[in-house]
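One chain, chain A, links the two complexes that follow: it is found with chain B in the first and with chain C in the second.
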Partner chain A sequence: MEEQLLGSCMRLILIDGLTANNISKFNTKVEALMESDMQFTEVVLDLVNIRNIDSMGVTFVIGLYKKMENQGKAFSVSGASDDIVSLFKLMKLDQFFEMNL
Partner chain B sequence: MLIYETDIASSYEAVDEIVPILLDAIKSKFMFMSDRYMFNINFMLREILNNAVEHGNHFDPEKRVHCRIDYKVPVLAFIIKDEGEGINLENIPTEAHHPRELLRVRNRGHQTIRDMDFDIRIVGTEVKILLNLNQGERLWKNNY
Partner chain C sequence: MPYHILIADDATMNRSLIKNILSKSLVGAEFSEAINGEEVLAAVQYSQIDLIILDLIMPVMDGFQTLRWLKKHPEFHDIPVIVNSAITEIKSIEETLKEGAVDYFTKPLSPNDMEIILPLKAKNALLLYEQQRTIIALNRQISEELKNANTFANIMLPKEGGFRRVDLFMKYHPSLGVGGDFFDCVELDGRIHFMVADVTGHGIAAGMAASMVKVLYRKTIEKEGILPSEILHDMNCAIFEMFDFAGKDNYLVFTAFVGIIDGETLYYANAGQPYPLIYREASKSFHEVKENGFLVGILNHIHYETRQTDFRKGDMVFLYTDGLFCAGEGNDFTGWEKVCMMSKHFDHVAGENPKEFLEEVFYAFYMFHKASKLDFTDDVAMMLIRKK
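Moving on to the complex of A and B:
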């Protein structure tokens, strides 16, 4: 996972699949980010590199959304493939956060 | 017709390694299979194999997960068997009725697979997932 801070927007770019074998390291990275001194009011999760996803990956996205919601920060997903957007719609999760191309 | 048969270790890493191999085996036999079908099969396989590894074998390095893919016109069958104690069907949630319940931490995989029009049959430690290739993608896409 790469981090890019652009103004008040933190962009988290996933490189590895959004799958169970990677979730632990994603969570560790997010925890470290939350404890850092970096100031941001918005988080964008960039899925442009992601082809593989499972329900634990979806759980990670939901967890990140809830964390940001609790801290009053905006959250959105960007760059997701049509298949992943369809999956989130199937799970009715698109009502909670924006999914931008 | 046997498409592929193997067994894997009880780890998420083993699941991540075998799924692309299984997808390649399917694609080599069914070249007409669309990207959406393949995406859904990818998601389904990861869900069922992860469940077998986590809830069935509890990541026990001594236990294996068996995976077999068969085709008998017009049904593609995925049979996953672990060495655990079996699944209690009553413990698997289905539809969520409250909107916030959609944000629950876990237990959304089986419902999603059903919504993708896979037929799930569970007997003891064996999970059989059936995909009728005659149902047509038009029907499938209507669910999205």
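Moving on to the complex of A and C:
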């Protein structure tokens, strides 16, 4: 997971698949980010490199959304493939956060 | 228990020398002796041997043959063998190590060999063997636990017979571990309640969560006249009321499809479960139920919606978990389209023989995965409910 801070927007770019074996690594990164002194009001999860996702991956995205919501930060997903968008729509996640191409 | 070391050498002096060296560093160890390979085979069969010091050139059965025999027999192939030989050619050393010897030293022994090298090699080999045995014992215990957990998961599945208003057909293919798939079908107050759910993640935690889902579901449907959306809502709220995940709030999250057959109406609500299919007896064909919905257990006070449709004699609802189409590492996760396609392909079979339909769909996906050099990696559960 790569972090890019552009103004007040933190872009989290995922490189490895959103699957069970990577989730613990992503969570550690997110926890470290939240504890850091970086200032941002918006988080964008960039999924442009992601082809694989499983149920743990979906719960990671929702968990991240919840964390940001609790802290009053905006959250959105960008670059998700058509298949990932279909999966998120099946779970009505599009009603909770924006999904940009 | 003290270590038991077998020294195989046809020369009495060599056996005595090695025994003297090792007994100084391995206090309390027991020693046995063999003068050829046949005596080694007899020793390992009749007593617990922890280490063999093996000479290569011996009468009757030499060290090479003995080593090969030991490595071919699973009950003995883990016993560490250190080869002790006068043969110094690298070819011989390479061959014995390739055959599975853990170490090799050459005769005659130098003072350093006697005082330092041989005792250390023996100690390392014994330690490694002990660790191997611990791992094997733990693996055996875990396999046994998983077997019990799988049996338990099977017990939780609904049984095919015994319904007055529907026929139930099931196909369940458990994965090696414990999964979080869950099916239920129960007749209550003249209504048929059913649910398919899939807890996120795999393994023991998901299996435990699936058992909780069953209890929660059965408790929730006791409420008279309850609708599918209310079942999902109540279960979702109950999770937040009952469990304290101490900030880790993704432990009991699942997708679910809940239905109720009441007379000639099917009521249903979806919570992120891959789209089920309805078979219409009138048209003898399958139709997808394209209903979306939020997962259960991740946000409190979520609103679910109940839909309804006619459900007449001979109509069927086909439910499945994503283990059917999602093999490998998180790929093909939108494979419900393939399930729809295959179901439509086999709809003539479904009408005549629902059990065979489930087998055909399962086999079709088995072949899909096989073509991609994959196999089912998660539990596969399919359920077909036909109105009588």
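Side notes on the structure shown:
In this text, the second predicted complex is superposed on the first by the 101 of 101 C-alpha atoms of A that agree within 3 Å, B and C clash if a C-alpha of one lies under 4 Å from a C-alpha of the other, contacts with A are read in each partner's own complex, and residues count from 1 in each chain.
To be clear about the criterion, contacts are C-beta pairs under 8 Å (C-beta built on N, C-alpha and C of every residue); 3 or more make two chains touch, one makes a residue touch a chain.
Keep in mind it's a predicted model, so treat the numbers as computed, not measured.
In the superposition on chain A, contact is made by A:Lys66 with both chain B and chain C. Of the two partner chains, neither chain B nor chain C is touched by A:Thr28. With both structures placed on the common chain, the touch criterion links A:Asp54 to chain B and to chain C. Once the two complexes are overlaid on the shared chain, A:Leu18 sits against chain C while remaining clear of chain B.
Judged by the touch definition given at the top, the superposed model places A:Met91 against both chain B and chain C. Once both structures are placed on chain A, chain A residues 17, 19-21, 52-56, 58-59, 62-63, 66, 83, 86-87, 89-93, 95-96 are touched by chain B and, in the other complex, by chain C. Chain A makes touch with chain B in their complex at residues 17, 19-21, 52-56, 58-59, 62-63, 65-66, 83, 86-87, 89-93, 95-96.
The part of chain A that touches chain C in the complex is made up of residues 17-21, 51-60, 62-63, 66, 83, 86-87, 89-93, 95-96. Those residues of chain B that touch chain A in the shared complex are 11-13, 15-16, 19, 35-36, 39, 42-43, 46-47, 50, 99, 102-103, 105-106, 108-109, 112, 115-116, 143-144. On chain C, the positions that touch chain A within their shared complex are 198, 200-202, 249-250, 253, 255, 272, 274-275, 292-295, 298-299, 322, 326, 329-331, 333-334.
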